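Two complexes, one shared chain (chain A), two partners (chain B, chain C).
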Partner chain A sequence: MIRLLTRLAGIVIAAALLFAMQRTTPGYSEITGPIPVSGAMGQSIAARGFSFRADKLILADRIRWRAYGRDIERDSSGLWAVVVAEMEGRPASVTANGALWRSASGRRYTPSQRLATAPRQLGANRLEPGLPQRGLLIFEIPREEADDATLLVSLIRWPRLDSEIRMPLARDRTESTDVLDLDGLFDG
Partner chain B sequence: MLGFSLTALRQTLFTRLSAGIGGLLALCLTTVQTIIAAMPPDALPKLRPGETIDAGRWQVAVQSAVVSTQPRDDGYRPPPGMKALAVDIDILNRTAESSNVFGRIFTIDPPIPGLKPDPIHYLMRDRTMLAALHPGLPERVRVIWTMPNQAPIPPNLRLTITAESFKPRDNLLAAPGWFNPKVIAAISLPLHEEWGGGGGAP
Partner chain C sequence: MAEPGVAMPNPEQRRFRRRCLWALVLVLPAAFALRGWDNVLEWWHGKDLFERRIAIDGVGQLGGADWRLISLQRVAERPDGAAIVLAELEAVVREPEALARLPCRIAATDAQGRRWLPSFLPPSQVSRLPALRNRPASSCGPAIAQKARSGTVLAIRESFVVPRDAFESLAITISLPAGRPHYLRFARNP
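This part shows the complex of A and B:
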């Protein structure tokens, strides 16, 4: 009787162990996922292939710029989140277009493509070593996704075994405005 | 002697039966699947214009359909000799990620002869081509198909809506994704021609 019970207990424990292992095994995409590099706004963060520094975040209802002799204004049902940043390829020239806005609820936003002609967008040009580029990452987000977001920066949108900068966006470096003139951002 | 052979027979029978159980089960399963597949498909739920439906990644509401040959207020101009079939929709990205795979939602069924298969999507807010839809930001979008000017227009346009379902871990990479497209609803829209009877190319 006791032998039978011991055997039964053994089977149950083994099953529980196997179930726990099955539940907690990281998937292939997690094992080969991005390698996080943490950093705060205002400091220069070195990742594999590039370095990145975010200076401030501007939240705006509308944004405006001038292209081909025309004034263009874009509104949104949410908000425009404009990150002013500096990026540099290191040690070689790279194109980095893997920026994402990860909101507190976990949604991931790619930079808006509604602003094809807007000036100084990072991700559009190649980054050269020794020539830091100051530019903008512009996201379109719902109002409720603006607080406590994290900026993810990598070379491609789905980095595999490559570094991904994870930068919490600090409130003391956030400004809000009604209409943001992109051309005026770099004049002063 | 007799007892021994009976035991042997019983054992043989038992072995064979237990070995065959898997095969029997598989046979039953495939038979049931065949019967289900052969049954007529359930009638699709019918939507009214303006009614919202959750279709996998998207929440859509089809508003109206129009055929025109003229340049439109959205900046779209059909090529010479072609007319444009435009369907206005309200669409919201329900997923957690910005996405541009809105081209697979609608199928025109029954097909309209002469219609070019791949539609263009216009973002009405900007009056430009739609590049991506972001989670939680609803937009009014115009889906435009083109067809030759001479092609006859049916009085009604029937669209079916295809939805994919979410899998937190797929079979290959254990990554989350949207799979198994399935037609979930249909909508019929009256089709009218704008600016009187088609006309010629502008």
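This part shows the complex of A and C:
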């Protein structure tokens, strides 16, 4: 009788263990997903293949710049979020165009496509080792998605088994303005 | 004591079970090896693992051609501290089929392990360099993909954007599918 009970207990424990393992097994996309690298604004963060530093975030209603001899201005029904940052390929030349704005509600925004001629956009040019590039990541976001957002930066938009920098955008490094002159950010 | 209804295995069955268990020690690694063999081969032929150091004026054999670095020169400087460097190479075709496999990887490296990939230099900028005006050359990919006959001399030119201070210790590496995991490294101090 005791032996029968012991066996029964063994079977129940094994079943419980298997059930627990089945429920906690991470999915394939989770196992092979991005490798997070956390960091704060103002710090230089080394990821696999590149380094990144975000100095400030500027929220603006309108942005303007000069291209082909004329002034161009873009407004938005939401906000323009302009991240001033520096990036460098390390240890080899890379192209990094995987920046995303992740809002507090979990929505993700890619950099705006409405700014083809805007100056100094990071992600457009190749990053060379030893030649850090100072430039901009510009997102167009709804007003309510501006607070407590996180900046995600990686070499490609959906990295697999590769670094993804996750940087909370700090309020003390955020400025707001009505009109932002992009060219003026780099003068002097 | 045997329980009623449960037959005890006889010694022969026991021996068979034990052998099966021991066989797992061999069978499992063998199964992993068989399943992963293609991946291992792909990794082996995709990586630059073994360097062949060649003097800056020497000749190196790789991937069905004899390679020579004709010149490595700094042709322009930019205000941001970058220098534009041109590497001119010559490949004498020995095995056209092997050489024509793409991709061709040419890079510039320095003493700190930094690695620059070729940059596109607009033709307007190249034509401004008197030394290059009458010397046609293409980048590595198009040059080797044309499957030139054995004995043909291919002129290859690549440009790199590097920090000014890196030029003095710059070396050029060449890696080809038919040559990997070996690659050539032309360095001033081999």
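The rule is simple: the second predicted complex is superposed on the first by the 163 of 188 C-alpha atoms of A that agree within 3 Å, B and C clash if a C-alpha of one lies under 4 Å from a C-alpha of the other, contacts with A are read in each partner's own complex, and residues count from 1 in each chain.
Here is the rule we use: contacts are C-beta pairs under 8 Å (C-beta built on N, C-alpha and C of every residue); 3 or more make two chains touch, one makes a residue touch a chain.
Please read all numbers here as calculations on a predicted model, not as lab measurements.
Engineer: Chain B versus chain C on the shared chain A, clash or fit?
Structural biologist: After superposition on chain A, which the two structures share, chain B sits beside chain C with no clash.
Engineer: Could you say whether A:Pro91 touches chain B, chain C, both of them, or neither, answering first, second, both or neither?
Structural biologist: second
Engineer: Regarding the shared-chain residue A:Arg126, is it in contact with chain B (first), chain C (second), both, or neither?
Structural biologist: second
Engineer: Could you figure out whether chain B or chain C reaches more residues of chain A?
Structural biologist: Residues of chain A touched, chain B against chain C: more for B.
Engineer: A:Gly106 in the overlay: touching chain B, chain C, both, or neither? Say first, second, both or neither.
Structural biologist: first
Engineer: A:Gly69 contacts which: chain B (first), chain C (second), both, neither?
Structural biologist: Once the two structures are laid over each other on A, A:Gly69 reaches no partner at all.
Engineer: On the overlay, how many Å separate the closest CA atoms of chain B and chain C?
Structural biologist: It comes out at 21 Å between the closest C-alpha atoms.
Engineer: Using the superposition described at the top, list the residues of chain A that contact chain B and also contact chain C.
Structural biologist: Of chain A, no residue contacts chain B in one complex and chain C in the other.
Engineer: State the interface residues of chain A toward chain B in the complex, per the touch definition above.
Structural biologist: Residues 27-30, 74-78, 106-110, 112-114, 140-142, 144-145.
Engineer: Within the complex, which stretch of chain A touches chain C?
Structural biologist: 90-93, 126, 128-131
Engineer: How about chain B: which of its residues touch chain A in the complex?
Structural biologist: Those residues of chain B that touch chain A are 96-98, 123, 125-126, 128, 131-132, 134-139, 169, 172-175.
Engineer: For chain C, which residues are in contact with chain A within the complex?
Structural biologist: 80-82, 107, 112-117, 119, 161-163, 165-166
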